[in-house]
Amino acid sequence: MGRANIFNYSLVAFLALCFLAVPLVIVIPVGFSSASFLVYPPPGLSTRWFEKFLTSESWTTPFFTSLKIATAAAGIATVLGTLSALGLDGSRFRGKGFLILFLMAPLLIPLVIIGIATYSVYISVGVGGSLLGLVLAHALLGLPFTFLSVSSALSQFDSQLRSASQTLGASPLRTFLEVTLPLIATGIAAGSVLAFMISFNDVVLATFLAGQSTQTLPLRMVAALEYEFDPTIAAVSTVLLLAGLMIFILVGMLNRETRHERQSQS
Amino acid sequence: MRIGMILPSVLLLVLVIYIPLALLLLRSFTEGTDGAGLLSNYRDLLASEPILRSYLTSLRLAFATVVFVTLLGYPLAYWLAEMRARFSAGPMLLVTVPFWTSLTVSIFAFQLVLGRDGPINRFLLATGIVEEPAKLLFTSFSVVVGFVYIGLPLMVLPLYAAMRNIDRSLCLAAESLGATPSQAFRSVFLPLSLPGAVAGMTLVFITTVGYFIVPQLLGGKRENIKNKYILWTVRTGNDVPFAAAQTLGLLLVVVVVLAAVDRLVGLKRFWSRDI
Amino acid sequence: MKNDGLEFVGVTKSYGDQQVLNSLHLKVQRGEFLTLLGPSGSGKTTTLMIAAGLTEPSGGHVTLQGRDITHVPPHKRNIGVVFQNYALFPHRTALENIAYPLKVRGISREAMRRQAEEALGLVQLKGLGGRYPRELSGGQQQRVALARALVFEPSLVLMDEPLGALDKKLRLEMQIEIKRLHEELALTILYVTHDQEEALAMSDSIAVMRDGGIEQLDTPTVIYEHPKTEFVATFLGDTNILRGVVAGEGPTAQMMLGDGEGLPMVGIESHGLLKAGSAATAAVHCYKVLISSLDAPTSGRAIVVTGVVEETIYRGMWWLIGIRLASGQTIRGIRGEEQGAVPRAGERVVASWTVGDMKLLGMRD
C-alpha cells in the first residue's frame, strides 16, 4: 500500500485523536473536582457536584424536560423514518434521489436558518415556545438518521427472503411481521437511539424554539456557562458524556449483531 | 400504498421546515425595516458595512476551518482505514465524540482548556513563553478550534468510508510497475480518495457557516460573526424580516460556494448513491 | 385428457421493449419432472417466477390443476419454491424454517412439530433441526430449503437452479436426492438449470429454451440423440456441426463440405428428404467420432475424413482431439488410451464415425 512518506501521518493522526479527546480528558476530572470553582487540574476529588446536579430542581427539571422531548421526538422520527424507508425500498423512479434529498434537508440546511424560520412561523401561529413545536422540530432533525439507518438495514436485507416467505403461504403483512421486521429491528433501534441523542443534545434549535416552560438541559447548561462558575456543569457534562458513550457503544454492538445474524451462509 | 408511507414525513417536513423557510424568504423580500418597501432589506444589507464585513469574516473562518480539518482529518482517516476493521472501532468511537456530545459540553471543555487559568496558559507561563496569560478565548483562534472540533467527524467519516472502498491492489499494481510508495500514494490513492475528501470538506463548510453558538461563547465582540448578528437582531430587535434577509444572505453565500465547488468537482454524484 | 398439472397458455413477458418470453405454451403433467434448460437470458427463470406468482405475465394465462392462477398472489398458490441461494430465514433455526409454511397455515403446534421433524428426516438431516442456517454447510442448507418447500405437500414444486452453488460432488449427491424425493412423493416438478448433464440425469422431459421460446420439448434421450436444431445440438454439449451443400441423390447423395471433401449421406435419417443443391447442417457427437492414425482400420464406420490435429485436451477417460479438415471446417473426436500415443499438433490423422450417429439438422434451399 502506498505508504505516504510525505510526512509522518501517524503522528498527525495521533495528534488529531488527542485533540478529539480533549473534552473527555478535561471535563470528567473537573466533574469530580473538590474545588468550588473551575480549575484544571482539580485539586482533589469529590462527588458533591453530582449530588448538586441530582438534587437541585433547577437542574433536574430541565433534565426531565429534555428526556420527555427527546423520547417523543425519537418516537416520531422512528415511525416516520421507518415508514419512509419501507416506502422507498426497492423502488426506482426518477424523483427518488430528489425525494431522498428532501428528507435529508435538516442535515444540510444550517440549523440557525431552520431555527429562525420555524421560530417566526411558530410565533405567528401562536405556538412559539411550546413543547410540541420543539418536539416536532427535533423529530424532523432526527428523521434523516432514522431513515438512513432503516434504509441501510433494508439494503442488507435479502429480498428473496420476502419472496420465499410469500411462496410458503404468508401474506404480505404476515411476511412483513415475521420476516422483514425482525431482520431490520436492529436498524430501527439504532436509528431511534441516534434520534434520541440528537434531540437531547440539541442546543441551536432549542435556543430559538424553547420557551419559559420548555427549558432543556443544554439550554440550562448554556446559562450555567455564562452565569455560574462552579463545577456542576462539569458534573452534568460528565454524566452526558458517559451516557452518550455507553449508548453509542450499544448502537455499535447492535449493528455488529445485525451483520452477524444476517450471515445465513457460513 | 408506497406513497402513503412517505407522505407523513413529507407533510411534516413541508409544514415545519419548508413552508417556514419559504415564508422567511418571502418576508425578507417584502417586509422592510419599519415598513420600508420591497427589497429594502437587501439594500440595507448591501449598504451595511459591519454586516458585509461579518460575512467576510465568517467565510474566512469557515475556509480556515476546512483547511485545518483536512490537514488533521485526512491523515487520521488514512490511519484508520489502514487498520484492520476490528481495531479501528475504539479510535472511531473517539472520532464520533463531537457527534454525540452536546455543543455546550464541547464549548465548556474548550473554555476550560483555553481559559486564562487553563492548562495551556499554565504551560505557557511555566515554560516562560509568555509573561502573562495569553488571551486565547474569544479570538478567531478559539472560534476555529471549536469549529475544527465539530468538523472533524464530518470529514473523517465520509473520508474513511471512501478510503476503505479503494481497491488496495491498485496501489500494489502501481508499485509493481516501478512507482515508489509515495508516488503510488500520490498518483493512485490520493486521487481516488478525493471524492470522499470533497464530500467531507463540503459538509464541514456548510456546518461551520451554519453555527452561531460556538462563536457566541468563544468568539469575541470584535469578530461580529454573521450569525451572532442574526441572533441579536431576532431576539432583541424583533426585526425578523431583516434577520431573514441576513439569513438569506448567508444561505446565498453557501449556495454560491457550493455551486463553485460543484463546477470544479461535480458534487452531484454524491447524491446518486443508492440508498 | 383432464389437465391436472401446470399449464402455460400463450404466456408473454416483456420489460419495456425487451421481450423476455414470447407466447409460451407448455404443459407439465401431474407427477412429471420437467426441466427448463437453456442459457441465461432464455427466459427459463422468468417462466418459473411467473409460475410462482412472483412475476406477473404481460399476456397469456397460467393454470394449475385446471384453475386459472395467472393473477393469484404467490401466498395463495400452494406451490413450493426452492431458490438458488436457498433463501433460508437467518433468524430462524432449520426446524423453524421448515415449520414456517405450516405455522402460516395455522397448523397446531403439535402437528407442526411432528411434520417438520418428518420433513427433516426425509432430507436426512435428523438431529440438525436446532441449528441456524449460518451453522450449516451449503448442502445442508439446500436440504433444509427442500424440506421447507415440501413439508406442506404442495401441488407443484418449482426449483430455480437449486444446485448451482454446490461443488460437483455435492451436486451429484443432491441430484440423486431430489430424484428420489420426486419418486417417493410423486411430486410434480418444474426445474430450471443451464447444466445439461443435470437436466439429462434428472428429468422426465426437457424443454430447451432460447430467447423466450421453446426450441424442443422431448425426453432426455430424444433430445440428446435427435436434436431438432443446431442450437439444441450444441447446447447439449460436445457436438460437432458440419455444414455443406447436398450433391447427388439417392445412393450417391453426399454433403459437400468444400474443397472437394464430401460425406456420404446414405442411411442418414431423413435421407429421403435430401435435395440436391440445398444447404445442409449435420451434427455428430464428439464421442461418436474416433480419431486414429492414417493406417489404422476404420471397420464399420462409413464416414472417414482426414485432417490435421490442432488441439488436444485431456479428459481423464480419453483425449479430446480437435482436427481441421481439408475444407477448413473443424471437428472434435476422441481417442482412447489403448490406441497408443496421442497424436500431436500438426499430425495428419483420420476421423471416422457411422452414418447412423450423424443427424441432419436442417436444410435450406
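Which chain is which? They are A, B and C, in the order written, and residues in each are numbered from 1.
What we mean here is this: contacts are C-beta pairs under 8 Å (C-beta built on N, C-alpha and C of every residue); 3 or more make two chains touch, one makes a residue touch a chain.
Owing to the predicted nature of the structure, the values given are computational and were not obtained by experimental measurement.
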| item | value |
| --- | --- |
| Centre-most chain [mean C-alpha coordinates] | A |
| Distance-maximising chain from subunit B - centres being C-alpha averages | C |
| Whole-Å gap between the CA centroids of subunit A and subunit B | 18 |
| Geometric centre distance via CA averages, subunit C-subunit A, whole Å | 56 |
| Chain centre separation (subunit B, subunit C; CA means) in Å | 61 |
| Subunit A residues touching subunit C - in the complex, by the definition given at the top | 158, 160-161, 163-172, 174-175, 178-179, 182-183, 261-266 |
| Subunit B contact footprint on subunit A (complex, rising order) | 1-7, 9-10, 12-13, 15-17, 19-24, 26-27, 30, 38-41, 79-81, 83-84, 86-88, 91, 97, 99-103, 105-106, 108-114, 116-121, 136-137, 139-140, 143, 147-148, 151-152, 155, 197, 200-204, 207-208, 217-218, 221-222, 225-226, 233-234, 237, 240-241, 244-245, 247-249, 252 |
| Subunit B to subunit A touching residues, read off their complex | 2-6, 8-10, 12-13, 16-21, 23-24, 27, 71-73, 75-76, 78-80, 82, 89, 91, 93-98, 100-113, 115, 117-119, 148-149, 152, 168, 171-172, 174-175, 179, 181-186, 188-189, 206-207, 209-213, 217, 227, 230-231, 234, 240, 243-244, 247, 250-251, 254, 271-272, 274-275 |
| Residue ranges of subunit C touching subunit A (in the complex, touch as defined) | 52-54, 73-81, 83, 85-91, 100-101, 104-105, 133-138, 141, 148-149, 152 |
